[in-house]
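Both complexes below contain chain A, partnered by chain B and then by chain C.
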Partner chain A sequence: MNAGLHRFLELDLLPMLAGALAALTCGLLGNFLILRRLSLMGDAISHSVLPGLVIAFIITGTRDPIVMLLGAGFSGVATVVLVEVIRRYGRVDPGAAMGVTFSVLFALGVFLIEQAARQVDLDADCVLHGQPEHLGWTVPSDFGELFTPATLAAVPRQIWILLMMAMVTLVFIAMLFKELRIVSFDPQLATTQGVHAGVMHYMLMVLVAAATVASFEAVGSILVIAMLICPGVTARLLTDRLGSQLGVSAIVAIVAAVGGYWLGALGPSLVGFDTSVSAAGSMAVLAGVIFGLALLFAPRHGVMQQVRRQRQLATRVLIEDLIVTLKRAEDAGDTSVEQGQLAVVLRDAGTASRAIELAMREDLVLRAGESVSLSELGRERADGVLRAHRQWQSYLIEEAGYRPDHAHETAERLEHVDPKPGD
Partner chain B sequence: MRSLLGQIGHGAPPSLAAGSEPLPSWQEILQTLGFQRGFNTTTVMLGTTLLGIAAGIIGCYALLRKRSLMADALSHATLPGIALAFMISAAIGIEGKSMAILLIGAAVTGVLGVVTIQAIHRHPRVREDAAIGIVLSVFFGAGIVLLSVVQSMSTGSQGGLSRFIYGQTASMLTADAVLMSVITLVAIISAVLLLKEFALVSFNEGFARVTGWPVTFIDLLMMSLIVLVTVAGLQAVGLILVVAMLIIPAAAARFWTDRLRWLVVIAAIIGGLSGYLGAAVSALLPRKPAGAVIVLCAGAVFLASMLLAPRRGMLAQGFQRAHLKWKIARDHLLEQLHERGAAGEAVVGHEEIRRVMRMRGWSGLRTGLFGRALAFQGWLSSKSDGLRLTDRGREQGGRVARNHALWEQYLVSHADIAPSHVDWSVDKVEHVLSDELIEELERALDGRGAVQGAAL
Partner chain C sequence: MKADQVAVGGDPITVQARSVLDARPEHSADSPVSIHAMTVAYRRRPVLWDIDFDAPQQALVAIVGPNGAGKSTMIKACLGLVPMASGRVEFWGMPLRQARGRIGYVPQRESVDWEFPVSALDVVCMGRYRKIGWFRPVSRSHKMAAKECLDRVGMAEYADRQISQLSGGQQQRVFLARALAQEADLYFMDEPFAGVDASTERAIVEVLRELQQQGKSVICVHHDLATVGEYFDHALLLNMRVVASGPVAETVTQKNLHKTYGGRLTLLSEASEAVARSGV
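Coming up: the complex of A and B.
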């Protein structure tokens, strides 16, 4: 085994794996939180896990991972129940109910840590930041011994916990996909179909709490929050079906985790610094960057695409306004119109000449010097638009109850709408 | 986290007993509470009290505008600003700990975070909660990255930056406390002066816009006050818990009143008191982080308010519900006795009433207990052979039977409900009809009501 690979296995593989597993688990679960507008429940749970950890330790006096997981899981569920109680019985706005619950619990955690800090040196910092880069693995130099029990036993238990959690999540989603889908989109329908929406909700919440607990030991809770939300929202921008949304979110989560690790470890040296930066932080930032890119450039729902569509529509409206003006002039006996006159109808000279330019590109109008006239194609198009205008106008008056003198303006706008579906 | 778990293991299991710590004497406690304990402690306590008041007032608007969690994202988004300000000031050679520069940096990225939320949220596929979560986690992640860069820098003074995450009154200098007090005073004065405008925008944005108020500008002012309070609280409470100062006092005050003016006053009192007590406790006892204690004080007040507040509190509501349930059960029993016992004159046998009430799902035991309770209250008298209504019980039983008949008649003749479906829903409504409504029903039905109803 060469030295580079050995170094990679010893230092980089496990942090990357931990990040990817945590991101995968959280990213998948996050889809269902986002659909139910519960994105911030993950935020609340990951803050309020702190007192559970500390109390579990104070009661038992051990730092056994099972005890820690139980304590954290318990406080995760307690958070969900408390938020619900405050929201329902206190009639408090859901956001505020979450805020009250998690901040008080977090304060309790900070307070208790300070009390216990005399005997033990605790630090709330690590709960938030997480330090996946500290996960090391002692690897033998021979490739053949890589999968012996002894070597695998050297893998820290955080990895095993994360692996288990990812499996549980995958199985949960695979088995209950139908139920999760119906509950996410229409809880009332779910109830009439015999799917208990409340039970599904609590199962999902318990799973989120468990994923939070399993993940943040290795990667920190801020990454948990980022991965619960960013991949799911990114996937929602890229696809319209829940199944493919799950797939895309999983890919985004893993890319963000692995890429974020590389950026954190190697990025600074590329720009001439001799250190590495927080891996959990850079994973979260990369997840945010991927979301930003999707927001701007997604093929259907991206901002750029929307701007492009709007511009296309504006162009079409401009051209159609021009040819309709020419057609009306034609019907009144003028086969051609001076460009100066068009400038009056189409706001200003610049717009008019741009409209003529665009229409000529589509062979809709002909220009001879300063005078503009319709081509055969243009006449046909203009007829179509005028017909649409008249049809809309009579529909608005007869069916929609518009007053005749009010229908023109609305019809003027609707005439440009392309009746083709999907546009 | 790994190191957290790693470190827990050292030494003996911790004990929470404060036994080995000397408790402060009464004299010390009084001195502290009376602002007599050294200039620095006094300024810090004054500062946190003012901070609590300002956060309480401004939190009311955040609560009414449903911006509670927006404030959370804002406070998380201050972290990269703090780190950046530190790096920049270190690079150009200013003393990196200059509080004003760090707070300006915090405010800049905090505002940037809020603007980002608004921008992302405009996309129809990104809901507000998701936008808040994204900004919160990504900005905080960027903050952690920058902090790790700061930590690797060769300047010696970076140690203090993490105090912004959890807050640390102990490390506050007098100048910092004065700065905090000044910021919060500005926030308090502006919030009080703008009370009317904020109320208008919070309750009816559309009306405010139509009547020509600069809604966007007022909204912006409100947001900047939230930014001011957040930034001011960073040092004392820390950026994770400063949002609690904004949310909790306002949410607790909401239980006590329905009027905005009182809401603001009560929230200010709760916030101020929490700030004052939190700082005092933290000054008196060792290892009591002020931020956490302040939030726990506020949380205790919230819990007490939620349980005990008159009208909106859980106990009051539970009592109301129980009272209504009791009244309904009483009315049902009296109504049945009135019907079975020839308008309440005759004695209805124990067996008979048990049988009738069983049809309503009452157990025999329940009927017996209720009969005894109502006899104790003087609604009926329990004879050896059965129950008989007293005058008072007869009157009430007759009234319920009449309400039942009236409402039933109304539903059949005016609400087009089939006669066979009417009885069940009437059973629920008959108890809550007001006297005015009864009169109106009588007029509307013109006396036809009582006839059919008596048959039931």
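Coming up: the complex of A and C.
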């Protein structure tokens, strides 16, 4: 085995794997929180497991992972119940209910650590950031011994827990895909069909709580929160089906984790710093960057696409205003109009010449020197627009109850849109 | 069964007598749904008082009443979506648990998020989940059946559209198709005609008639008094209590409508007024 690969296996593989597994688990579960408009629930649960951990420790006196998992799972469910109770009886929106619950519970956890569990190594800071970099693995230098029981036994327990959690999540979603879909979309119908929405909700929340606990010892709760939200909303922007959304969110989560790990390890040295930054932090940041890119460039829901669509409409409005002006002049007996006159109607000279240029590109108008006239095609389009204008005007007056002298202005805007009334 | 459909109300003494549980006639096991002394309360404020109703077989029933009369709540209580403070609901003489598979539901269109990442066909397939069973994916034959239901409401060509790209009327038709996919014998529909275009309204009415001809029953929350007589053959006038129920022609009368909607006068206050007047 060459030295580089050996180094990678010993130092980098497990932290990266931990990040990827945690990201995958949280990223997949996050989809369902987002769809149910409970994105903050991940935030709430990951903060409020802290008192659960401490109380479990105080009661049992051990930091055994099973005990910790139970304590956290219990407080996770308690959080969900509390949020529901506060929302219902406090008559506040879910965001406020979640905010109240997790901030108070987290504070309680910090207080309990300070007061009751001081003597033990439960560090609130570590809960936030995690320490994936500390997951080392002692690897023999011979490939053949890589998968012997002794070598595998050297893999830290956090990795096994994360692996198990990822498997459970994958199986849960694969087996109950259809049930999760119906309870997320229409909980009432689901319940009448015998898929109890409340039960499914709590199952999901227990899983989120368990995933949070399994993850944050290794990677910290900041990464957990980021991964519960970022991959899901990114995928939501890129897809229109639940199945593909889940797939895309899984890919985004893994790319953010693996990419973020290398970025954290190598990024600073690329820009001249001699250190590396927190792996969990850089994973979360990369997840945010990927979301930002999706927000800008998503094919259907992206910002750029919306800007483009608005531009297209503006161009169309401009061209149609030009040809309608020409048509009205034509109907009044002028077969061509001077560009200077058009500048008055179309706001200014620059707009007018741009409109003429755009319209000429579509063969709607002809220009001879300074005078502009309609082509045959342009005349047809102008007729269409005027017809739409009249249709809208009469629709607004007759159906929508507009006053006749008010309808013209609104029809002026609506004539450019599809469909027309009566289509 | 007949006695139960006779209009309740008017005489306050009758109202009191009927609230004695033991005085009620036994419900018929033939009725697709029979509601017995249903009372529903939200946060201790009662929204439905002592509802008694037997739906006739193979009937199109409209639930009519003003806003806040508890129309949706009554449907939801029947379906177990809202807990009852007291009372009993039976379907063909069976409890809900045994009848679930034979009951279809069309919730209000606004009750779901139409931005949800599913296609029209996906939504219709949800109507078949109970038939498919837990853990199993939606098979091809179920998809075909769902597609047929979309076709019946004139939406076959929109099967692959994401639901946010459908108009309000089209969305309502998808909901209707989903109910058809449930292949139920009794349907509860919550304002299927709310905010739909004329052609959707016609399509829905057609489907309702079709269902009736197939021997099924439909119970609809309906807002438009003008079309009750045209679309439905039975009506239940509701304003926290049953004001009247029975065939539309006998039930939807000026007098009953006044009792249901009139001058903010609920049946209860009218009754207490009558009591005050007669000096009891």
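Just so we're on the same page, the second predicted complex is superposed on the first by the 395 of 423 C-alpha atoms of A that agree within 3 Å, B and C clash if a C-alpha of one lies under 4 Å from a C-alpha of the other, contacts with A are read in each partner's own complex, and residues count from 1 in each chain.
Just so we're on the same page, a contact is a pair of C-beta atoms (placed from the backbone, for glycine too) under 8 Å apart; a residue touches a chain by one contact, two chains touch by 3 or more.
The structure displayed is predicted, hence computed values, not measured ones.
Undergrad: For the three-chain model obtained by superposing on chain A, do chain B and chain C clash or fit?
TA: Superposition result for chain B and chain C: clash.
Undergrad: Taking the superposition as given, does A:42 touch the first partner, chain B, the second, chain C, both, or neither?
TA: first
Undergrad: Looking only at contacts as defined up top, I'd like to know whether chain B or chain C touches more of chain A.
TA: Touching more residues of chain A than the other partner does is B.
Undergrad: In the overlay, answer first, second, both or neither for which of chain B and chain C A:90 touches.
TA: Touch status of A:90: first partner only.
Undergrad: Would you check which partner chain A:237 touches, where first means chain B only, second means chain C only, and both and neither mean what they say?
TA: The first partner, chain B, only.
Undergrad: Which partner does A:100 reach: the first (chain B), the second (chain C), both, or neither?
TA: first
Undergrad: Applying the document's definition of touch, where does A:258 land relative to chain B and chain C: first, second, both, or neither?
TA: It touches nothing on chain B or chain C.
Undergrad: Between chain B and chain C, whom does A:191 touch in the aligned arrangement: first, second, both, or neither?
TA: Once the two structures are laid over each other on A, A:191 reaches chain C alone.
Undergrad: Thinking of the overlay built on chain A, is A:182 touched by chain B (first), by chain C (second), by both, or by neither?
TA: second
Undergrad: With the two structures laid over each other on chain A, which partner does A:166 touch: chain B (first), chain C (second), both, or neither?
TA: It touches nothing on chain B or chain C.
Undergrad: Determine, under the contact definition given at the top, whether A:290 touches first (chain B), second (chain C), both, or neither.
TA: A:290 sits against neither chain B nor chain C.
Undergrad: What stretch of chain B clashes with chain C when the complexes are fitted on chain A: 220-228, 256-264 or 418-426?
TA: So the stretch of chain B that bumps into chain C is 418-426.
Undergrad: Starting from the residues of chain A touching chain B, keep only those that also touch chain C in the other complex, and list them.
TA: 37, 236
Undergrad: Looking at the complex, which residues from chain A come into contact with chain C?
TA: Interface residues on the chain A side: 35, 37, 175-179, 181-182, 184-186, 188-195, 236, 239-242, 244-245.
Undergrad: Which residues, counting only chain A, touch chain B once they are in their complex?
TA: Per the stated touch rule, the residues are 34, 37-40, 42-43, 47, 53, 57-58, 61, 63, 65, 68, 86, 89-93, 95-100, 103-104, 106-108, 110-112, 114-131, 134-135, 158, 216-218, 220, 222-223, 225-226, 228-230, 232-233, 236-237, 264, 268, 273, 275-278, 280-285, 287-288, 291, 295, 301, 303.
Undergrad: Touching chain A in the complex: which residues of chain B?
TA: Residues 1-5, 7-16, 63, 66-69, 71-72, 120, 123, 125-127, 129-130, 132-134, 136-138, 140-149, 152, 162, 165-166, 240-241, 243-244, 247-248, 250-251, 254-255, 287-289, 291-293, 295-296, 298-299, 302, 306, 312, 314, 317 of chain B touch chain A in their complex.
Undergrad: Give every residue of chain C touching chain A within the complex, in rising order.
TA: 76, 79-81, 100, 103, 105, 107, 111-113, 116-119, 122-123, 126, 129-130, 132, 134-138, 162, 178, 182
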